[in-house]
């Protein structure tokens, strides 16, 4: 059974009553709840020792889900580096919503990951642009969310390996909302929705996408590639 | 259980004793043999009615494997069109070796699919360039084949969505040997090895790749996208 | 000086007064007008002999611009095949708007190229999602068109090599509106706007994009790759 | 006229007589020499103040060429960050050979950029796999280098946006030797050849590729995208 760790900053829920009403045990708990029937799920949060991401936990994690927003700067660089190594070694990584500005996403992308945003509770409609992809399995033509934060282009990311969803926003913007990337042996999926003041993670389609993405991000078991000085496999002719 | 149809031209095996010695019941039978424990496998060949690809067979096929070489021109355009529609509707397609010149591959690629070739039984080494991909699962750093036909660049294909293997050939050429493409709701994988005069389809690593590719090419069950004239979902303001 | 041929079906302009009012000499003439200072421009239309695309014309064309809509079926398959060969041999191709359903675009894409559409004169806003690309040179963050036909996802095309523009439509849809593809030695750009009943080709930003695209699609002068049977460049060891 | 800065670590040339014989004034001088007729060329090296990359120099650089090897660790992180910002703001970047392990390349890629290597002076043949690309302009089917260092897969980079060259090595390896990437408003080209102990930068084809790459990497002049909190462009309906 695939081992999933749901990481959440878990600060908004403690500071903001409105967020706590929606996610009384935290966003990580809401996400873990709909994953736990299909996966072996663990939770981890910022204020735990090592942010809950000890070497042992990381070693035993097949896919890591990341939600952060107001405290990106408090995530220890040493932990970020360890998470990055695990991704390059094969651990799947699913970055949600405001995680676009997390240290781990920025260091894996190599860009600013900046974007436009607006929080007025407008309508978002995520259109499926690649209906062949397993992450879109079970959806219709689009996902509609009555009220969400807006994220708008330009989104400063590398061109995704595969673009799965494009969002339409009521206020006039669009956004590349579902993006896959390969980094080393690891697979990464960025998924836009999930502002803390809306009940987005209770939306059935959003849950489907996250479940599908966990499955898709399953690590391969290939041996780590051999790097460094390397003997020739074939004969090399003497030259002048 | 995923339903796989292995299609083979099945001419070389009947005309050429050397090929028959290697594949006495045909290349399709050799491929079906290593797939049958994991999938529900059917076989089909050129000289059957409708090339063995009746509407019913196509309808019941989740993933189609295609091997052809000397008789591409004899494949009925009507059948090719039906296979293409099934791919666009979600059926997986795995095109092997000389299938690069099949009508079905060329029409899905939109290019000549031409290449360099040489048949002297030289060494081929397929390097894994994307160790994160499920089609490479179970392999080491490369697959080595003692004797194979050479295919060399330039290979006139669209840039693959994902490039998984690059071949090194003893005679000095390279080749993009494992390429994925999305077309409509369907997933396509082109895999280079498998000349009829070598026992390539008995090679354990080659078998692994084909098995992995079948799994990867599993159709999604999304409804067919709605095309054509479409009512607005949102209000449109009157304009001058 | 780069040689451009602007091809237009040129039927709507003759049958429909509203279209004729906007484009009195035809869409091709409007496009040729803003290109003629920078390029050597020729015009060609469906009802000319060989649709105006004789071998000589094609041979002397560096970049071909294609607009068609109501008469795709009347384009001779022989001419389509010749245009395709020229693209594979290096000629740039810019496909505009309803050209998505042209024979030439469909055969180069390998998919149905189907989409949603609606003609109520709604607002379109094309967001630049790759500000590094020369085709976007000179634009701001987006292009706004007061009234256009809507094209909506799912757009059944191969994943573009590069995605440059995403359209937002007033009625709630999005669209991949600027897509590049490489086919053989040729470069292809699909650009969405330009319905015949709106003055879109007089829009300064639309003109900029088309000019930039012509420049970008300049053919390379590499020799045609050598295909077919090929002697080894390196020694091949004798094998058992 | 495009402004190019050629950056070189310039250490091997001072420490190693063999290297000095080949590049008496440094690799940067050899590269600047073949660029100076077409571009406005400046040189910069590690041991200059700010590594020769002051804010003024960076501000006036359209395309930066980077060669480094034995002293990657001595490049100041502050300078690396400034170079990265300039790339995201549009400056082209051409990373040569052992620059794969430079701080600037690794931070823009987000991966280890590790690879196999061997220095025995074997033959390298770079096959053109995208003959439509302007960076390949003027080449034949391949570039042959009599003696070079080997770099072999797996090369731990993100899948390139465009793959232009694949190297064949005498000892049995292959390598993705010409890779383009877009990051922010900047265009990046990685080009493999150029070990310090071989006269690779005097090779006419290598010079062509670098010249073409400089041209291709020309910055666009689009305004920097607007990020951050953003007013709606369209009306947003009140919701419950």
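Read from first to last, the chains carry the letters A, B, C and D; within each, the first residue is number 1.
Heads up, the rule we're going with is that a contact is a pair of C-beta atoms (placed from the backbone, for glycine too) under 8 Å apart; a residue touches a chain by one contact, two chains touch by 3 or more.
Here the structure is a predicted model, which means the values were calculated and not measured.
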A-D or C-D - the one linked by more C-beta pairs in contact: A-D
Selected from A-C, A-D or B-D, interface repeating B-C by over half of its contact pairs: A-D
Whole-Å gap separating chain A and chain C, where each centre is the average of the chain's CA atoms: 36
Rounded Å distance between chain C and chain D, as computed from the means of their C-alpha atoms: 32
Chain A and chain D: spacing of chain centres that average the CA atoms, whole Å: 30
Interface hub residues of chain B, defined as touching at least two other chains: 125, 128, 130-131, 141, 152-154, 159, 161-162, 170, 172-173, 182-184, 225-226, 233-234
Partner chain B, residues of chain A touching it in the complex: 90, 125, 128, 130-134, 136-141, 161-162, 170, 182-187, 218, 220-223, 225-226, 233-234
Interfacial residue positions of chain B with respect to chain D in the complex: 125, 127-131, 141, 152-155, 159, 162-163, 166-169, 172-174, 176
Touching residues on chain A, where the partner in the complex is chain D: 88, 107-112, 114-118, 120-123, 146-147, 150, 152-154, 156, 158-159, 161, 170-173, 181-184, 225-234, 236-237, 239
